[in-house]
Amino acid sequence: MSEAMLQGMVERVRNWGRWGADDELGTLNYITPQKIAQAARLVTRGRVFALGIPLQRNGPQSGTRQRFNPIHLMFRDGGDQPTDVMEGQGYGGSDDVIIMPLQCVTQWDSLAHVFYAGKMYNGYDATLVTSSGTSKNSIAKTKDKIVSRGVLLDIARYKGQDFLEPGYPISIDDLDGCAEAQNIRVDTGDILLVRTGHVGRALQRGDWADFDSGPSPGMSFYTAPWLHAKQIAAIGVDNYAVEVRPSELPPFRSPLHIAAIPNMGLTLGEIFFLEELAADCAQDRRWEFLLVAPPLPVTAAVGAPINPYAIK
Amino acid sequence: MSEAMLQGMVERVRNWGRWGADDELGTLNYITPQKIAQAARLVTRGRVFALGIPLQRNGPQSGTRQRFNPIHLMFRDGGDQPTDVMEGQGYGGSDDVIIMPLQCVTQWDSLAHVFYAGKMYNGYDATLVTSSGTSKNSIAKTKDKIVSRGVLLDIARYKGQDFLEPGYPISIDDLDGCAEAQNIRVDTGDILLVRTGHVGRALQRGDWADFDSGPSPGMSFYTAPWLHAKQIAAIGVDNYAVEVRPSELPPFRSPLHIAAIPNMGLTLGEIFFLEELAADCAQDRRWEFLLVAPPLPVTAAVGAPINPYAIK
Amino acid sequence: MSEAMLQGMVERVRNWGRWGADDELGTLNYITPQKIAQAARLVTRGRVFALGIPLQRNGPQSGTRQRFNPIHLMFRDGGDQPTDVMEGQGYGGSDDVIIMPLQCVTQWDSLAHVFYAGKMYNGYDATLVTSSGTSKNSIAKTKDKIVSRGVLLDIARYKGQDFLEPGYPISIDDLDGCAEAQNIRVDTGDILLVRTGHVGRALQRGDWADFDSGPSPGMSFYTAPWLHAKQIAAIGVDNYAVEVRPSELPPFRSPLHIAAIPNMGLTLGEIFFLEELAADCAQDRRWEFLLVAPPLPVTAAVGAPINPYAIK
Amino acid sequence: MSEAMLQGMVERVRNWGRWGADDELGTLNYITPQKIAQAARLVTRGRVFALGIPLQRNGPQSGTRQRFNPIHLMFRDGGDQPTDVMEGQGYGGSDDVIIMPLQCVTQWDSLAHVFYAGKMYNGYDATLVTSSGTSKNSIAKTKDKIVSRGVLLDIARYKGQDFLEPGYPISIDDLDGCAEAQNIRVDTGDILLVRTGHVGRALQRGDWADFDSGPSPGMSFYTAPWLHAKQIAAIGVDNYAVEVRPSELPPFRSPLHIAAIPNMGLTLGEIFFLEELAADCAQDRRWEFLLVAPPLPVTAAVGAPINPYAIK
């Protein structure tokens, strides 16, 4: 029954071929130059909110899918620097290196990250993702694409909570109700940010335990048609996997991923830090802004760490 | 004599204490909310230029300072995916990992990257950069700071060349002459981009050989007072080290680094890709734009890879 | 008082200059060709015991000193191999990569791993260990040195226990009593193995939790003079740090390390797997064997992972 | 025609099923306890030769199959150590990390490293090697298996050369002639070492350029039946790939690999350092010794770096 439900859903929201047989961008196609120019006009106060969490050893990963937190190492440091300017060609310096899964912090999933019945978005075969990376739908294809109007739906605040309870599925009613309360309309080409408070809660506690594997508030699977109808370009949520955990449709662990990534072609953003932005929006009663979230253009990669800027 | 010259220069451009004894931002302090709001108004056409080079094995590093090009590895791929939806919790997917020096591609140097006489910017001791990273002037401190008006000075085009000759030092006259020809004024808080054509040349040849170690066009050491007087917030150049190679002031290998980073507190951006942006600017005769270049907030790091967006 | 005790001890066991001012081998000098030839004669049954634990994600590290367990990744796998011999130059294959602290599994500490009052073994300055590695006492110096007679003192079995209690300090009386019960004499140039049962316990439980940070049985600090007098070449123990945890001499966390590595010049081996070897020794009543434990010759490194062979 | 030749050969040397349907060791099965005990008796002088090359940035890899040389980084060093014993819990220390392909230095190929017509040794399917590693024929299966009599055939010296010319294929006549000249017989269960001089030449020049991709002396494809008939347990050669380059059987790049690994089940050792051992053998006229070459037991891995000891 879960399988029939899932299949019905994916057929309903599938965008294969919508932007041509060669498309690798999916719903990012909804972003037009006009949309970007309009979004820039939302910048009036010159305030910037950085939505990326810190990249460090204490982080959200505890082993899910073998992911680990960023490992940052120095290979030149200040311990043994020349103090005389003539030594060492006149100066000293420092250098560092990082080792990290591309999806271990605030990040975009590429459209090659999840498969459905052996296929990626737009019908490309999953076998095109080999140990050399992906030859289709890589994050590098989106390198200059991820800027648009951002809209924040602050569901936690709308519900009168500091954070939604782990396991709470955000419904279409929640989304519509919140948008109405905030007096804003989600529109074609928007990058939608949805706040659960879950990342803020972990940071406040200073403890990421179970963040990647435990229950989490998040988008209900059943919001897929709403996301499809709204024609959003991308979505970013302050939890581990955009969608609610545990799954509403077992045994599928991430049914919304299956509907969204390989079928709808929707770019998902995870582990967003929305606390400061949300507080500001609540204060000035404006939940729209210019959102600029460039992915590192890693060739053939299936995801990329980001530090998105919301600019008001 | 080189040493006396360097010392005279660094004293002339030093900004220690200018923004308080606790400052870790340096010239990024020149960026005000007003500046950002004004910069956003430059967006009229909604065109985006991504200034980051690809992160891949074929790249600019051949061993300088032990740096290497990004190593991208998959740890889940499409080779053995379930094709039946019920298998494997209903779907398959892919994951990847990256190993990279933080300064191996398009990047910002942090103010902890270079020392002068045992000191970092604002007088912090170089010994604060240990094998655990830096406790002062880390790139994470700038996480929400790097957006402003961008101004491109296309020196190569101004000189009527596809690319400046390796070893050519860009002078104050070049900068002033180019600005005048482009009918633009470099102003307080701007992020200055300077085009040499050197990255474009490497990409066109498909060959990065000697890019990190050989001769390169770049900013003359003697432009330091100009950069200081213009009160720019940051500078990004399409070469390996912002400044010209070989050095004009041997035995100092990177004298402009010494003047700029630990003394002026100027954030340097290297290996920028400026070809598409420059072509567009030449066409619409507008060399200013909104520049958004968020660093990954790596805790205690001395640099960060970036994919800056120039938005017109 | 702890400090006076430690200083008294280190002066008592210090071997600086014993093998010349240039020595970087320390007690490994006790191994002579004659010793090796004699040790080889102990091989009569042709049985081999591998003393290295598996290198995998589930391992003994949980964050002590930022160490992590080995990360093993494939960069070519069998998912998409040609099945036709003519394709892909006629065959397919696989390749992999590892990322690991050099001291995260069964390993030798080099004599550059621990300092005492700013000095390494033989008086070399600790500042010779820079971000480029160590220029003295590196593990590479021992590349052809670590083979000798191995002697196992099975303290747990001697005490009639499956494993010693966490926190139990093995005393000189334990060592002497066990040697007598086993009818064996620890001699100059031996590589001494001491069994606590602690690694076996973790493997049996399938759980390494707290292995690196919690209480552990191990060598008492006060055995240092005994180790010195016995003139052993090296010691390997089946626990995290050779010595007992918590420390008997707070605030010093690892006082035996301080006595042994920088002062005595004793090579320490950690996280040895001794269960199969110990069971065999108990059965044939012979606790001596040829021990061959070559370190990977990592240039300038301060430790090396190993898979020692005990051959009987 | 090459294909027919290859197919004829692999059928001739194939050992599938020879040691049972579940076998994952291949020719290592030829090593018996008796063989090991006999080999130990060869140790008379107590001399040790380490056959592993240094693990460092300057090494044999220049990009073949995306392999790179070992990257060694410190994450704790001596630059900022406490000199007072009470500080920092009384001592300071150092720690390091390595990032390396498992087959980038002196190493054993596992029997999962090369496929033939979609199969590994003993008929296991190549698809069992996934992005999680291999579930059959991993190097970890051999963790206590690689010790036996070692026999060195010093072909370069036999031919009166410092090193064989790049491209020179070592023939069965060379092997038999050399064995006769050295007055030694290659026997069942031996680990055969074959010296070309090629690694020594690179080390002498201090230059590994083209070592992984250029012409190289090595075993002729046509020695496969000889290797099979001799029933050797493993083979180690001082070149990049055991076999000669360029291939004698184009378009197959490594036809001997195909015959040896997936068909014969022969463990191949590459990039061995044989210069010191060979010089010693020439002097004492004994080309046999105890060879101990434990692989690091990396779970599910397809190769392992080693530092083999030849003990005479």
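Chains: A, B, C and D, in written order; residue numbering restarts at 1 for each.
By definition in this document, contacts are C-beta pairs under 8 Å (C-beta built on N, C-alpha and C of every residue); 3 or more make two chains touch, one makes a residue touch a chain.
Just so it is clear, the structure is predicted and the values come from calculations on it, not from any experiment.
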Neighbouring chains shared between subunit B and subunit D, ordered by label: A, C
Interface residue overlap between copies subunit A and subunit C, same or different (over half shared): same
Gap in Å, rounded to a whole number, between the CA centres of subunit D and subunit A: 46
Whole-Å gap separating subunit C and subunit D, where each centre is the average of the chain's CA atoms: 26
Per-residue overlap in subunit B, given as positions that touch at least 2 other chains: 66, 73-80, 97, 99, 127, 130-132
Touch list for subunit C against partner subunit D, complex: 2-3, 6-7, 32-38, 40-41, 43-50, 52-56, 65-67, 70, 72-79, 81-86, 89-103, 112-118, 120, 125-134, 140, 143-145, 147, 251-255, 257-258, 262, 290, 292, 294-303, 305-309, 311
Touching residues on subunit C, where the partner in the complex is subunit A: 57, 63, 66, 68, 71, 74-77, 79-80, 99, 127, 130-132
